[in-house]
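Before any comments, here is the structure.
Labels run A, B, C, D, E and F following the written order; every chain starts at residue 1.
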Amino acid sequence: MSSIPDPFGLAAAALLAVGFYGFVTHRHPLRRLLAINIFGNGVFMTLILVARWMPGGPDPIPHAMVLTGIVIAVSATAFGLALVRRSMTQEDGDRREPDDD
Amino acid sequence: MTLFDSVLALLIAILAWRSVTAPDLYRGIVLFITLGLMLALSWARLDAPDLALAEAAIGAGLLGILLLSTWRVLQRAAPRQGSDEPASYAVRWLAVVGSTVFGGTVAVALYGLQVGSDRAGAEALASLDLAGIDQPVTAVLLNFRSYDTLLEMGVLLMALIGALLIRSPLAYEPWHGDTAVESPLMSVLAKVFTPIVVLVGIFLVWAGAYGPGGAFQGGAVLAGAGVLLLLCRRLYGDADATLLLRGLLVLGVTAFIVIGLLLMPWQGAFLAYPPGLVYVLLVVIEFSLAVSIALSLLLLFTGTHAVRAVRS
Amino acid sequence: MNLLLILLPVLPAVMALGALSGLLGPRGTTCAVLVTSALALVLAGVGADGLHLDWLLLGTSLGLDATGRALLAVAALVWGAAAISSRPLFAGEAGPRYSMCFLLTLAANLGVLIAQDVAAFYVSFAVMTYAAYGLVVHDGTDEAVRAGRIYLVLSVAGECLLLSGMFLLAAEAGNATAAEMGAAYAVLTHPELVAGLLLAGFAVKMGILPLHVWLPLAHPAAPVPASAVLSGLIVKGGLLGWLRFLPDGEPALVLPGDVLAMLGLAGAVLAALIGCFQHRAKTVLAYSTVSQMGLLALPVGLLVAGRGEAALLIPVIALFAVHHALAKGALFLAMDHLKGYRPLLAAVTVLPVLALVGAPFTSGLVAKGALKSVMPDALATLVTLSSVTTTLLLLRFLVLAWPRRDSQTVELRRVAVAAWLLLIAAGLVLPWAMADAVHRDYAFQPGVLRDAVWPLLAGMIVAAVAARAIRPWWRFPEGDVVAPVERLLIRVHGALAHVLEDVLRAVPGPPQRLLSRSILSRLLGLREPGIPWVGLQLLALILLLPVLYLLAA
Amino acid sequence: MSALYEAMPLWVLMTSLVTAVLVFIAGEPWQRLRVVFNVTGAVLKLVLVGIMLRGVHHGHEFAVHLPLLPDLAIVLRADALTMLFATLSAVLWLVTTIYALAYLEHAPNRARFFGFFSLCVTATMGIATAGNLFTFFIFYEMLTLATWPLVVHRGVSRSMTAGRAYLQYTLAGGAVFLLGVVLIYALSGSGDFVAGGHLRHLADDHSGMLILIFVLLVAGLGVKAALVPLHGWLPTAMVAPAPVSALLHAVAVVKAGAFGIVRVVYDVYGVDLVQSLGLGDMLAVAASITIIYGSVRAIQQTDLKRRLAFSTVSQVSYITLGIAVGSPLATIGGLVHLVHQGLMKITLFFCAGGYAETHGIHAIRELDGIGRRMPWTTAMFTLGAFGMIGVPPLAGFITKWHLGLGAVSAGQYWVILVLLASTVLNAVYFLPLLHRVWFRASRQEDNGVGEAPPGLLGPILFTGVASVAAGLFAAFAWSPLGWVELIVEREY
Amino acid sequence: MTDWISSMFIIAGVGFFLAGTVGLLRFPDVFTRLHALTKADNTGLGLLGVGVALQGQSFRLAVLIALIWFLAVTASSIACHLVARHNLHSEEGER
Amino acid sequence: MTEHLPVLAVFLPLLGGVLQFLLGSRGLPVWPLAVAALTVGCVLLLVGAVGSNGSIEHAIGGWDPPLGIRLRADGLAAVMLLLTAVVGAAVSVYALGPHGKASPQATHFWALWLLLWGSLNALFLSADLFNIYVTLELVTLSAIPLVLLAGPGKTVAAALRYLQFALFGSLLYLLGVAITYGLAGSLDLALVGPALADGGLAAGLAAGCLIGGVLVKAAIVPCHVWLPPAHGNAPAAVSAVLSALVVKAAVYLLLRFWTEPLAGLSGTLVAQLLGALGAAAIFYGSIQAFRQERLKLVVAYSTVAQLGYMLLFFPLAVSQAWDGAVYHGLAHGVAKASLFLATGNVIAYVGHDRLRELRGLDRPLALSVFAFGLASVSIMGLPPSGGFVAKWLLLSAAVETGQWWWAVVLIIGGLLAAAYIIRVLRYAFLQAPGPAVDVQGPVPSAVMAWPATLLGLLAILMGFTAAPTLALLGGLPGATS
């Protein structure tokens, strides 16, 4: 087990916290997507840490999970961005429901 | 080395915080791209080379350019909307407290984790030779947990269909050659860089078998090349897709499923490769995946059904 | 022969339905009544042994005891005469309705006569009461409607008393017939309560003192033939009830028997006195019925109290009942024929009057004589005193009913007068035929003759003196006690209605008012939480789960 | 016996269900076909019920088990008590169908009406033949669902509010009843109807719970049996067309509640358990309050059908009173009133429907002198009214007679007072009606319209004569009273 | 011995980077800042590359680093050109 | 041969969807229907196999867990597959109407629909934590574009909000998987249990994240805000599938996690919390449903409310409650699909679904209104319907375990459901000059009307024949624990 607390663990926790904060406080959908991606990176960081702490070399399974996760996150975010583009460029009238208060 | 790691970790934390609380959207996006690069670096440090490549290529690169181009579209549509006021004071304060507690719990949980040695990973490493590929991550991706990879390709396809349905493409109109807009350097960029990038991409796909790399990273780099050509007005997004293009798009998934279904009666299990043919099959699958991923990511970027070269 | 018994009530009932639909014209109705009367007469003459039908109603048993047969004969005569005289009414505008009521009452009356068991008797008794309402209210005038309403109220009250008495009786003794009544009472836990209830129930119909108020109102309001039947026969229904469903000589029933006797005697005297101060002939006759029924209640009271053996008392009661029915029926029917100025007919009406008073050589003599013979002599003198009051009453009637010279002549209906005369003749002859030898020769003893004459003379003297002394002839309101009581009841009803109104308004309406407006509106005002709040709640949830797990561990 | 014969209750149910389906499918234009379906369905059901009646009379047990859950089955069983209610429903369904066909001659949405109408009867048959509490509850709620569309059939806002009130009461009642049923199944493991009840062994240590469950069950059933606080929906539901208010609110729905209470008291709890827990008196008091309250409110009503509705509220509680008193005679009185009240009340509602249809008479003061122009309808109305009061030769008297005797033999003398009070009150609100009908001159000018059309008059006459016959030939073996005596003798 | 030389190269590289960063912070407008960045950082990168290649002791690594350096230089110069053009155009547009 | 069935059940629709995307609109009505028929056949065979000889396993790639991923079809999975097949078949037939060959984006609809069907089958069959993450993503990312098919204009905001919540939920779930892998070193549901049982804070956090993530996907009350706009604006066929299956899959996952990986954790307090969430869902959903002015929103909020019932299993945790919760899932699935299809017919005919102007519909749309009526009987939990049997089982469980307050919740829930359903049915019966018409569509053809009616009838039939389904389900897994 690593002797001193691995700095990246704190980084992962920080990413998760900031991601959650961003998701909750931001109203603009793009910023919220950013926050979600940051949260995602935090999760991937956790996975990699878990992989690294296994004795006997990095564990390939969490790595595969992260890779799949990244691809899914990117494709979902791309789709989200397309949605944001469409919702923003529509004529302002019915663009945004008064959903975020 | 821990000093470097701690600095890197601190940098990541600060970048993330600044990116989220950036006053305006553009600054947020730029900081997010830098964060992506820093993450790639940190994952390299955490000896996960494949992931560093993937993060750099997909997370920072492709996602970055997507974010920037979306921002530009938003900028043109509704200039002032980037920096609208955040939620009420109470919400923000509660969110801060809540997320710090959450972060703290996760940190405590992580460090309290007693990671044992009898893990699926150890077993994976042990039976690596059966997998026909000696790069562990690719072996897991294509052989041990190939089902996940297959489904993931499905996700990519669905996201693409979704993006197409929205019909708000980033397509750049075909270039009509008025030099006032275009700088001469663009053609240099296209001519010099594109072959190199494509070469690196193909190399990455091939290198997946024995070292860091693989279909995803290679595919992403190839997509990057495509984006470069788009930006340099050599390619443009087009509405009607030919059968061939759609074929290439679904090549990855179909190849995977067809191979799995065909082999099932003999091998007794879905996606169980005969020992002899393992390597060949995996390479075939790897390349078809790479092609599909590259094309999907490119079309995800343009948001159109197809891309077509510019007839100069 | 006994199958004919069941035919008695059924035939007129079926005819009544026919009358309602208008298929049976006025002629048809009268014929129906006459046929039934003829059948009744035959049965009365021949007599019929008991018949038990366990499938009808609650297991009915029919039969003709002595009083039954006597009254059946009288009923046949009176109903026949009444039907003939009400022929114009059958043909009238409300003919079908009147004939239906007439036939239904006839059927029920015959039913009462032949029913032996408790349930069947009560069935016919109730139908008779409600059908009679149709006769009382026939004219449709306000006075008739008021009389009808009071009649109904009291009848329903009477029915309730009867019903509860019967429940108590039948609960322990089952659907007992008249014959087993003695045994039934022995097994009862509260015989005096049952007897009291039954006595009171039938007393309403008989018009015994406190409950008589409906009679003076109902009989005058009803058309003439109807009131003849009402006074003559339907009232007797109560008597039959007493005779059949009250055992004679039960030790426990002394008190009710004496009370009945006292009320009967008081009724006989008081009713006659009140009757004198009435201003309509039919009301006077009604009061005379009340007083005669009081007289009749006396021997029944004695019978129930066990102060005389049944074998003696019952024939006397039957005789007196027959005598009264015929005389009173004739008098009421006479009212029809006294409209025009016909002194000869008026003279004939004096005959039933004399009979009622108990003048010598009339049916009254033998009936009253028989009555006194079975009485202890103290009561006998009181009975003779009641003859005085009866004389006064009937003199008042004659004064009122005597046709004026100036009243316009009304075309006489030959057949009706003939029937009426037949009735009077029967009235004179029948009691004599029925009375057995003992009564007959008792009637001709000197003392009895003397007792028969002096009350007559005394009555005339008092009437003459009173006529002069009381210049403005007092006016007692018809139905005396009822007017104030009615006003009181109306006021109480008004107050009760208001109280009820407030109570009902206070009771909450259907459930939606339970959810008061404010809660519902606040609930419905709920708006969707925004995403920030949702995010916070989710965060709180995720942090809470591990804490709960640790707590539970 | 062949399995087919054994499953007779199911076929009885199916006849009206199939009719309902066919009528729904036939839809609006096929008027003639729909009449054929309805009448054949009704007649077939009557025949089957007749066969079952004979079977049960000879002591044959019909039973059908449909396993729903491992330890729970839908049981359709025909015992003597079932046949009482089933025969009543089958007979009155035929009569009311004929009446409805004539009544709704030119009304819209008739296919929908008759479809739901047959569904209601299926539910009523289900309630009658239910073998355990679970099946009873299924058909009890199905009845609510099937009757709601009939109450709101006219579609005007008034019937909508009536529909809403109806549902609020019945659904709330259904929920409470469900809770009770679940508790019974949890406590005793089974809810089967067993003569004499199956909860006696729990009496000693679960008495508190048993009382709670009884209160829940009676409250749930009380809504449909229109016990006082829960009766609000019945008068408002009078907005529905006459055949609906006749069959449903005077016979099917209200009787389902009363029948439920009978089943709970006799076949779930058992009479002696109910008496020992003191629940009998509670129920008797509730029933008495309803009787008095119903009659008092009826006096105040000016609309004919509302007065009849309140009279139903009070009359149905005779059944509950008879059961609550508990002695065999009172039970006979209560049960036989189930049939008698059905016959008499349906006659009254038919007459009310006849008046409304031919002369447009709704308020009581418009009834003056109708007797002259509609003698037969009014005669039947009079018979029904007298029956309600309890005048002897009619059916009402038989019930009062037995209730009275039962009360006395059970030593509950105050019940007689209640009976008498209700007789007086009934007289107070029926006799003026009769007086007005016969002895008042009619105000409306004579527009040549005489008696009700044969389609309406036939059923009126049938039910009127039936109520008289039920009274007159009560002691007959095949009369309602005879059958009830058979039930009482078999059950206890 | 080679360590000395490589450390010398690396320190020079860092020095150039330092200059570039100071330039970035201090220079007034876009064009001057662009100038500082591309010139200083590229040379710094070159020096660093040589230093690291010396450390790496393998010819193949050296070629790779050279290729990377070449790519970095071309990319940053083109980027600087485009940014400059864009700002030039936008300023013209504003005036 | 039987152990290949799970693979076929997953990959037939997936391959069908991909090829549909490839072929474009050429093979339109025939190809998707053929694939649908094949899938239904395959699922029925699988269910039959599970029914006869217990759960079927299939290790993919020949690698046994913990290394490889295994597909497992046990009772619960079989029942959910059956539900998906039934609702899927009905929706496919229905979709021939609005999404026929001529309609715009028909190819995309059918491609996405088949992909969604495949991913649903994959999710129900998967027994691997990470694989469940991927299938969850598959389901979401095929559902959201389907919502867009109702015209991007008015559904983009709803789709965006749905995506945000879905993404966040998945990543939260992935965090849970990460920590679980850290603890247990394996991803298979069965193998993870013991490690989680004694994991302390980490295990608690992992369970919290797993449950939290799935709660977001299951739209349980605090995180339900994305469901009504999405289900309310989606095309009828899509909202039917979303409400009946997609949201149900998330709750299925909750049931699966509770009885397998998290079984070891002492979750009494958490169970009461989940029960409370369920009750809050029932009350809040019903009250909101009562407020809505649009028919589809009423039905959408009704979904939010009805899902609360399935959560009541956790505090009761007896085998009867298990049967009740799962059976409620089935009954609600069938009934809700019928409701949405019927609503679709109304909208196709009248052009809008503003409740107040939907008077007098029972004449032209007799069959659809009849279907709506039948389905609402099951939603209200009144006999004779599947909903009632489920309510009965839950009630008996609540009474047997002595937790009477859940019984009260069930009863009041039923009444509230009746309140908002009757408010809708009322308009069908109201006699008025006929519905206000925006754009007069044709009277819905047989192919659109009959699926709703058949589903409605099935919902009622489920009230009579619960025994075979519950036998297939098998009792509470690990009932002994």
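The rule is simple: a contact is a pair of C-beta atoms (placed from the backbone, for glycine too) under 8 Å apart; a residue touches a chain by one contact, two chains touch by 3 or more.
The shown structure was predicted, so the numbers you read here are calculated from the model rather than taken from an experiment.
What is the shortest path, in steps, from chain D to chain E when you may only step between chains that touch?
Graph distance in the chain contact network comes out at 3.
Which chain's C-alpha centroid is most distant from that of chain E?
Taking each chain's C-alpha mean as its centre, the farthest from chain E is C.
State the pair of chains with the top count of C-beta pairs in contact.
A-B
Per the centroid of Cα atoms for each chain, what is the distance between chain A and chain B, given in Å?
Spacing between the chain centres: roughly 13 Å.
What is the distance, in whole Å, between the centres of chain A and chain C, each centre taken as the mean of its C-alpha atoms?
100
Go ahead and note the Å separation of the Cα centroids belonging to chain E and chain F.
Chain centroid spacing, chain E to chain F, equals 57 Å.
Cα centroid separation between chain D and chain F, in whole Å?
Once rounded, the distance between the two centres reads 43 Å.
Would you mind listing the residues of chain E that make contact with two or more other chains?
none
Going by the contact rule already set, what residues in chain A reach two or more other chains?
16, 20, 23-25, 27, 46, 50, 53-54, 61-62, 65, 68, 72-73, 75-77, 79, 83-84, 86, 99-100
Taking each residue of chain C in turn, which ones touch at least two of the other chains?
Residue numbers touching two or more other chains: 528, 530-532, 535-536, 539, 542-543, 546.
Over in the complex, which chain A residues touch chain C? Could you list them?
20, 23-25, 27, 99-101
Which of the residues in chain B end up touching chain F in this complex?
105-106, 108-110, 112-116, 118-121, 123-124, 127, 143-148, 151-152, 154-155, 157-159, 161-162, 164-167, 243, 246-247, 249-250, 253-254, 257-258, 260-261, 264-265, 267-273
Considering the complex alone, what residue numbers of chain C touch chain D?
Those in contact with chain D are residues 17, 20-22, 54-59, 94, 96-97, 119, 122-124, 126-127, 130, 134, 137, 140, 145, 148, 152, 156-157, 159-160, 163-164, 166-168, 170-172, 500, 504, 509-512.
Please give the residue numbers of chain E that touch chain B in the complex, ascending.
Chain E reaches chain B through residues 71, 74-75, 78, 81-82, 85.
Quick one: which bits of chain F touch chain C in the complex? Just the residue numbers, please.
Touch list, chain F to chain C: 161, 164, 172, 200-201, 203-205, 207-209, 211-212, 215-216, 222-223, 225, 228, 265-270, 273, 284, 287-288, 290-291.
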